[in-house]
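What follows is a set of structures to go through.
You will see two complexes here that share chain A, one where it goes with chain B and one where it goes with chain C.
Here is the complex of A and B:
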């Protein structure tokens, strides 16, 4: 009965490592991540814009498949889902 | 044919992949985009491994603030063109290979020519617009793109085989905002050597490439992880592209 959310790189630094959430199945994916991120304002601001949408470069994966950010507002999480949220890094 | 000197130079790796493998490397041509943080370890390790022709392009001049990570360049090189400095070091490391260092900005007018007949493109850039251009070039030429990027203690890498694996746009459709990124040299070392390892494996046709997987390195946690990645069928860059009929390294 759990959904696992994994933040990577800088997002992990701000929001913590793998987070297991219980009784969240059926919730809209973006809402779930927003709820989690809201606990730490700097973490929230790194991932979401002022309108509360995912910043356009944020990568959201559900069970290994990348979702278009528009999809995250309708897709509902299911038991056993693993959600990965990470920022691409750009340096070289 | 390997010379006596080459046989001796590559003795310890010929134990791994034989003289045939070494010949494959000698025949190979690799294009490295960038002679900075990632480009340094990539070029150094491909040069000492005996990749026959290495083309490396960069438009910058060595700055003091580069030296914490760009190990091709020394304090005495400050003010020199990075291509001049890179060519000097790489030739000194291995005089038995050909280094072509090209001082230029990579853009849409010259990318295809710069890459020429290379067997693969190594992404050692520091920005996504140029990375997307390298991605397009690799897709057009149907040659692999060895992607890597770093920030702070974090890094990512993946190997893109046109028409087979997700391309850079499938995984990263939008570039992160531009910034002066914090970075420490060791991260460039980790990711650059992962990319160089991929190049060697591809040329030698050995092992399993980092395909359909994004490798994510977290130096702070000392943890490497991977995220499975799929092609996006409607990808604006690679949608509709089919795999090459003869996969694997190009024969010359």
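Here is the complex of A and C:
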């Protein structure tokens, strides 16, 4: 399956964005993002805590809809999904 | 007009277009790049999602505050001090609704719409911290 991961703002600067991943189906969302972020430690540490969990301020969307961080540990990504990961918003 | 765009808008034209039948008040909010010892500001958005959220905020504001018309234009890209960042124009039959509707829209934008600001200063760049970590009050 193909999944697109988009990072924004500071996370984009650290990890890039619009990253297309080829993965086995049934992968848990948090695991997918963790594996991707691990390639650049400063990016990983910005998003995940020392236990490997999303930091509490991180916002995760799947196909434009926000997920609870607890959901990211059980929700499985599907072919064509767009996952967005970003810090608190600051528009206006 | 509900838009996320690089270009500025003609606020005067928008005010004229907001004067729908029954209008008794138009309120304009114009958020501007403030001179906080910065050179420029860079704005970034998750555009597809942010635009849908702005559209929903506008619809909710109309229903909640009896607005006759709403414009929301949020700019992205690089802006210099004094440039417009966010223009909100609302019209209503009465000033109370127009003021309340305008206030509702800006507060909802700040709560959750995925847009970020980076201040470019002489001493380096800094992301403006968000006021609401989880957006829409959700613990996600």
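The definition used in the following text is that the second predicted complex is superposed on the first by the 87 of 92 C-alpha atoms of A that agree within 3 Å, B and C clash if a C-alpha of one lies under 4 Å from a C-alpha of the other, contacts with A are read in each partner's own complex, and residues count from 1 in each chain.
Throughout what follows, a residue touches a chain if its C-beta (ideal position, glycine included) is under 8 Å from a C-beta of that chain, and two chains touch if they have at least 3 such contacts.
These numbers were taken from a predicted model, which means no experiment stands behind them.
Chemist: Will chain C clash with chain B on chain A after the two structures are superposed, or do they fit?
Modeler: clash
Chemist: Give one of first, second, both or neither to describe whether A:87 is in contact with chain B, with chain C, with both, or with none.
Modeler: After superposition on chain A, A:87 lies in contact with both partners, chain B and chain C.
Chemist: After lining up the shared chain so the two structures overlap, which partner does A:60 touch, if you call chain B first and chain C second: first, second, both or neither?
Modeler: In the superposition, A:60 contacts chain C only.
Chemist: Is A:8 touching the first partner chain B, the second partner chain C, both, or neither of them?
Modeler: A:8 sits against chain B and chain C alike.
Chemist: Which segment, 21-29, 75-83 or 93-101, is the chain B region that clashes with chain C in the superposed model?
Modeler: So the stretch of chain B that bumps into chain C is 21-29.
Chemist: Common interface residues of chain A with chain B and chain C?
Modeler: Common interface on chain A, chain B vs chain C: 8-10, 12, 56-57, 59, 61, 64, 66, 84, 86-92.
Chemist: Which bits of chain C are touching chain A when the two form their complex?
Modeler: Interface residues on the chain C side: 31, 43-46, 48-50, 52, 74, 85-86, 106, 109-110, 112-118, 127-136, 138-140.
Chemist: Can you list the residues on chain A that touch chain B in the complex?
Modeler: Touching chain B: residues 8-10, 12-13, 17, 56-57, 59, 61, 64-66, 84, 86-92 of chain A.
Chemist: Write out the stretch or stretches of chain B touching chain A in their complex.
Modeler: My answer: residues 34, 36-39, 123-128, 148-152, 154-156, 170-172, 174-179, 181, 183, 188, 216, 218, 220-221, 225, 227-230, 232.
Chemist: With touch defined as at the start, can you tell me which chain A residues reach chain C in the complex?
Modeler: It comes out as residues 6, 8-10, 12, 56-57, 59-61, 64, 66-69, 71, 84, 86-92.
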